[in-house]
Structure formats: C-alpha cells, structure tokens
Amino acid sequence: MSIPAEAAAAIVAAGRRMDALGWVPATAGNISVRLGPDRIAITRSGRHKGMLEAGDVMAVDAAGAAIEPGARPSYETLLHCGIYRRFPGAGAVLHGHSVANTVLSRRAGDAIRLAGYELLKVFPGGPTHETAVDLPVLDNDQDIARLQAALDALWDATPEPPPGYLIRGHGVYVWGPGMDAAMARLEALEFMLLCHLEEGRPMR
Amino acid sequence: MSIPAEAAAAIVAAGRRMDALGWVPATAGNISVRLGPDRIAITRSGRHKGMLEAGDVMAVDAAGAAIEPGARPSYETLLHCGIYRRFPGAGAVLHGHSVANTVLSRRAGDAIRLAGYELLKVFPGGPTHETAVDLPVLDNDQDIARLQAALDALWDATPEPPPGYLIRGHGVYVWGPGMDAAMARLEALEFMLLCHLEEGRPMR
Amino acid sequence: MSIPAEAAAAIVAAGRRMDALGWVPATAGNISVRLGPDRIAITRSGRHKGMLEAGDVMAVDAAGAAIEPGARPSYETLLHCGIYRRFPGAGAVLHGHSVANTVLSRRAGDAIRLAGYELLKVFPGGPTHETAVDLPVLDNDQDIARLQAALDALWDATPEPPPGYLIRGHGVYVWGPGMDAAMARLEALEFMLLCHLEEGRPMR
Amino acid sequence: MSIPAEAAAAIVAAGRRMDALGWVPATAGNISVRLGPDRIAITRSGRHKGMLEAGDVMAVDAAGAAIEPGARPSYETLLHCGIYRRFPGAGAVLHGHSVANTVLSRRAGDAIRLAGYELLKVFPGGPTHETAVDLPVLDNDQDIARLQAALDALWDATPEPPPGYLIRGHGVYVWGPGMDAAMARLEALEFMLLCHLEEGRPMR
C-alpha cells in the first residue's frame, strides 16, 4: 500500500521539527498518522527522525501488522494503535525523548501536575491557568503489549484522560486530531516540562 | 482591508525569529504593527508563529475589532490595543512565552529588578549598567479587558513605565517605535531574564 | 591517495551535525572512517569541524602515518587507530567536546554508570532500561601513545567494553560499524549524559 | 574609503555565527578586522550582528575616528583600537555578550581561572590541560577611554596577557591573528565558561 503523499510529508516535517528541538536523539521517537478505520501510516524502525524521507513511512493495520510484506514498523507501533483504538478523535501521534521529559519522568511518581500555565489552554476541555492537568507517568516496560495494557487500565479508571502520557526514562506520547494540533500539544507540553525542570520542584 | 506587504513581512520575519529562539511554542505569542491612527496589523488566532505566512496577518481597529468581517484576531488583541492607545510612540508589539519569562514571572512578586547589565542601554531613557529597570509582573487573567484595566492602573501610577511587562506564568509584552527596535528590546530583555534565571536569585 | 567521495561526504556531514549540536567548539573534535585494512580517512589537524570541506579529509595508514607526504592528520589520530585495531567491527569513529561530557568527566571517577534509559538500546549487546552500561573515564594525557596504552590496558581487563569512552576535561570517543550507527550512539550517549548532568547526581 | 570585500565578508560571517550561538542579543557585540597600520574595518553602531550586510561595516583610523565623514562606528571602537595598538599580532577582534560570560563576570572577582580543559590548547603560548589561564575581569565603565586605560594598566602589569578579557555584566573581548583564529579562541573560551557555569563553582 502506498502512503498518501500528504501524510508522508506531514510525518517527515514533524520529524525535522522534533529533531531541531532536540527531541529525537539517535533513532529515538516515532510518528504516525491515521489514514482510515484500519490503516495507520507510521515511521519504519531504526531511522533517524530528523533525516526522514517519504520512503521511511510505511502502513500498518489497526493491530499494528505491516501491510507491505516484510516491512518492519517502529518497535512501539502497538502504543500508537492503542491510542487510535481508544480515542476516535486522534488523527496523529507523536513520540519523543526530550531531556526534560526523561529527567522528570525518572523523578516523578505516577503523574506530573501541570498548573498555572497559560499554555494549558492548548489542551482539550478548556483548562486555563486556573486549573490543572495531571500528566500520567508509567513505568517503562520492554513488553509493549503489557505496557499498553497498563495504559488501557489507567484510561479505564480516568474519566477524561489528557491527550498525552510519559514513560519513565523513555519519553512522551502526545496525540491530536491532526498533525498540527498534535505538534502544538507536544510543544506546549515540553515547554511546561522545561519550566517544571527549571523550577526544580519536588515531584510530589 | 489588505495589509501593506512590508508590515506583513515584518510580522512573519519576527515570528520566525521568535520561533528560532524558542519563544513561541505551540500557538503561543502574537505580533502586531501599527498601520495608522485606527488600524493595527496583527496575527490571526491559533497559528504557529514560526510558520506564519502573509495571509496569517489581519487588520483590526483601535478597539480591537476585525476590519474584515468574520476574521478572528488573536485572543489577546486588546493588550496590543492597550499599548498603542497609551504609548503614541509604539509602532510594533511583540508577545512571547519563554522558559525564562514563564519561570521568573511565576516566582516573582510584582516586579523584577534588572540592574548591572550593559544591555539595559537598549531601553529608552538612558539607563546604563549603573541604573536599574523594574519590569512589572501582573497576575494572569483570562478576562483580557480586566487585565488591561490593571495595566492602565499600573501605568497611571508609574511616571515612565518601561516598554514591557510580564504576565505571571504566561509571557512577556514588549514594544518599540518599529519592529527592529521592539525585537532588540525583546532580545535584550530575554537575555537579562536568562541571566537572572541562571543566577537563581530570590525574587525579592 | 584520494579519499572516496562517499567517505569524505560522510565525514563532512558528521562535522556539520556535531557543530549544530554544539559538540565541536573551536577546532575541537575529529572524525574518521575506515577505508580498508590499512587505510583510514580522517580530518586534517586544526580545521573547524562545522566548516569542513572534502579537502579537509586525508588518509593515514593503520599506524596513523599520513599517506600523502607532508599532510598533517589530527593530533589524536592514534586514538582512532587504537579503536580500529582493537575492534574489527568499527567502521567510523567520532570524537567531540560537549559541555555535558566535559563537566561530567571532570567530576567523575573512572566510570559513569548509565542506567534506566530506554536509549541504552542503541548500544550493542542488548542493554535495556533494566540493565546498565559503565562508560569508562580516563585521565587526560598530552602523550597520546601513553593514553592509548592506558586504553588498551583497560580493554584487556574488560570482557565487552562499550563502544565509547570519556577523557577527563577533554571529550568523548564513540564508534560504530558505520557513520550512521556511530552518530546514533553518540547522540544517545550525549543525551543520557545531559540527563545525568541535569539530575546533578554525585558521580559515585 | 571602501572596505575590502574579504574583510567585510569575514565580519558578516562572524556576526551570523555569533548570532546562531546566542552571543549577540539585540544590537550587542561588535566585530573588527585590521586592514593596515592605520586602518580598521568595524561594525557600525546599532546594527544587529546576526543580520549584518557588507554596508554595515565601516573604516576607522588607529585612533577610532571614522574615515568616511559622518559615519558612526560602534560605541566601543576604542577598545578595539586598544587591542590593535597593544598587540601587533592581532588581526581580528570579537566582542560578544553570552549568558555565561555575563553571569560569570558578575559573580567573579578580578579574574576567572580556567584549568584542566583540553581546549586551553587553542590559546597561544602552549597551555595544556595541566596549566591554567587567568582570564581578567574588569569592572564595566560607560567611559570607554577610562576603561581602556584600566586595560592598559593591567596589561602593563601582566607579562603575557591572554588574548581576551571580560567586562563585568557586559561581555567578552577576544582577538587573534585573523578571524578564524579569533573565532576559534572565542568558541573555546565560551565553551569553558559554560562548563564553569554548569559546575557552579564559587569564583574565588
């Protein structure tokens, strides 16, 4: 299956931006776009996200299986699938490793509370600087299916989960209706985490 | 009303520069230029300031109302209008969210004192490293008209207010006779705030 | 001997990337690629690595002697030769000076333990966030042959040394089967060191 | 007098690089090249150094007077002249404001000792990581002639002064035989100051 040029271009551009911001060191990070009910465009395994080309994007089905025989999607494809399955409004997913999200997730308990920031308005549901968003932090796990099960259990127990979460020592996942919205949420989130880190606040 | 090409180009270039410096994450920030006694060119609502095009700039009157029917200006247009109304010499206004201005404004009382910096010379009125500038810090408020009223009260009580202020957890506003001067003041201010942050000095 | 265009291009591109990331200030750093059993392409002495051109790359033999009479290779060529001699799988070597690797190596004892990071997976031998990598730190020495002897002694005593080490107050050496892998390892390593630095953890 | 194209190009390129590295905020910094026994090419007053064009460079004589009637050289031209007068080998001078040099000079006494860094080798006279360089720190002074007199007194009392000094809360001056060497020394110096700042060491 060939990837629509617009979807591939959005993924390539997102990779360049994340690289310019220092959020995809080495071959870290991955990026996807929902193409339809059973199709997701996602970055292949092992590529540097700042040097993507259109051919580095491949298609998987809703269960994360490659459409093109033998193609190898990102190791964490199931986490993308888990987001698209749970949140019908999600159209794009970004995963990055920043120094701020890595250091804070290593230091945090099971959530990081973001409060008092004007930038909270970028998140859905109308938060302002007078409200707070609790960003979940999950323990890292090399068993991705088990990690996704932990996320599903968390979302089952949370009425309106925010469109993002951290994995300890690993990185952030953020999503939105399209790539622009997902990137705006990622930029807002990383900005607030950087402020948090600068403030050196205890995590609980 | 069409925007003069020079004004639109100055706003687009300012957005790119602020983005390169990390001061307009997500859709944060906004930028304007005074076009005439009752006309202001300002960024539309919700665009990423690092990816502006000329069409992302629109015109409002001195009260902040869109000239073009149905166009939606930046949410904080009234703060731009408040500056142009109070300071006849203001020709351009920049608003950005940096980590330094966010973290320091959250920590500060009602002002941050900048002293001992050669860069103070960029501000009007002849300050040098031997004088000081008190940069006002206001509490954030989602009611922009009320926030502007607080600013007017502050300016009424201040003989020669500096060409800038902070909003707590939100960002900085800076202005100048034209875009180059406004940007120079913003760069100088952000530089001094970064030094302040690095020094970790108690705010009062 | 002329350098294959692909090898020179890989070295030039690596220099630009390291400069963009702030890892080759002044004329610091050097970069090499193995061309064959007795040939290495390496940067000439004294060039800025962010402004390399193809002509700034020269050939040396396995003992570090210039092939082209009178050409002057990087002062630390013997350290590159030492890596290629010891590790048959090494195809590219990167040396850089970052603030993180400089400050941490000055503070560390004889190793820095990296643990709990997803990015450890970039290293060979299958480490995960549940294992640890001890990155050796050697004292700096202007006598490069003596420094290489210390490295050989260390590697003799270490069953499976990681593909990198630090020299105190000086910088990092990292290698991989080719330039892309070497750069991925360098980016992963610098990222983890930056996290380490941010965490301000005592070094032992 | 027209400026040789090569000299203007070197100054423009140096300004862009210093801006990319964050060392010339607002209209800060200035850059010069020695053209002959009584001629210096230097940046005009008030331009942003990251946006220089060839026309932003002008000529002054050895006493700092503009050759072209009415042209206004940088406010700190006399400090450039002072360097060229004292050091016959100086061919290019760079002045920048970094966060590191500003914060450290505010905290320091009359010198900052740099020791243990491999990058010390970029300085003349053969320093290594085993020796030390004392970088002078002078109090800021809006009277530039008086500031230069303090420098001359310091240099009279110092057998082999390093090719650079700091002005408190103001910035760094560095020079070299040509622009490349001056820039290499500036990059090395700023790198070591950044390490110093990160180490948070008391200044004396």
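Letters A, B, C and D mark the chains in the order given here, with residues in each chain numbered from 1 onward.
Operating definition for what follows: a contact is a pair of C-beta atoms (placed from the backbone, for glycine too) under 8 Å apart; a residue touches a chain by one contact, two chains touch by 3 or more.
Everything quoted here is computed from the prediction, not taken from an experiment.
Chains touching both chain B and chain D: none.
Taking the mean of C-alpha positions as each chain's centre, the chain lying farthest from the centre of chain B is C.
Between the two copies, chain A and chain C, the Cα superposition rotates by 90°, quoted to the nearest 5.
If you average the Cα atoms of chain A and of chain B, the two centres end up 32 Å apart. Taking the mean of the C-alpha atoms as each chain's centre, chain A and chain D sit 45 Å apart. None of the residues of chain C touches two or more other chains.
According to the touch criterion at the top of this document, the contacting chain pairs are A-B, A-C, B-D, C-D. Here chain B touches chain D in the complex through residues 116-119, 122, 128-130, 180, 183-185, 187-188, 190-191, 194-195, 198-199, going by the rule given at the top.
Against chain B, in their complex, chain D makes its touches with residues 25-28, 48, 97, 99, 102-103, 106-107, 140, 142, 167-171, 197.
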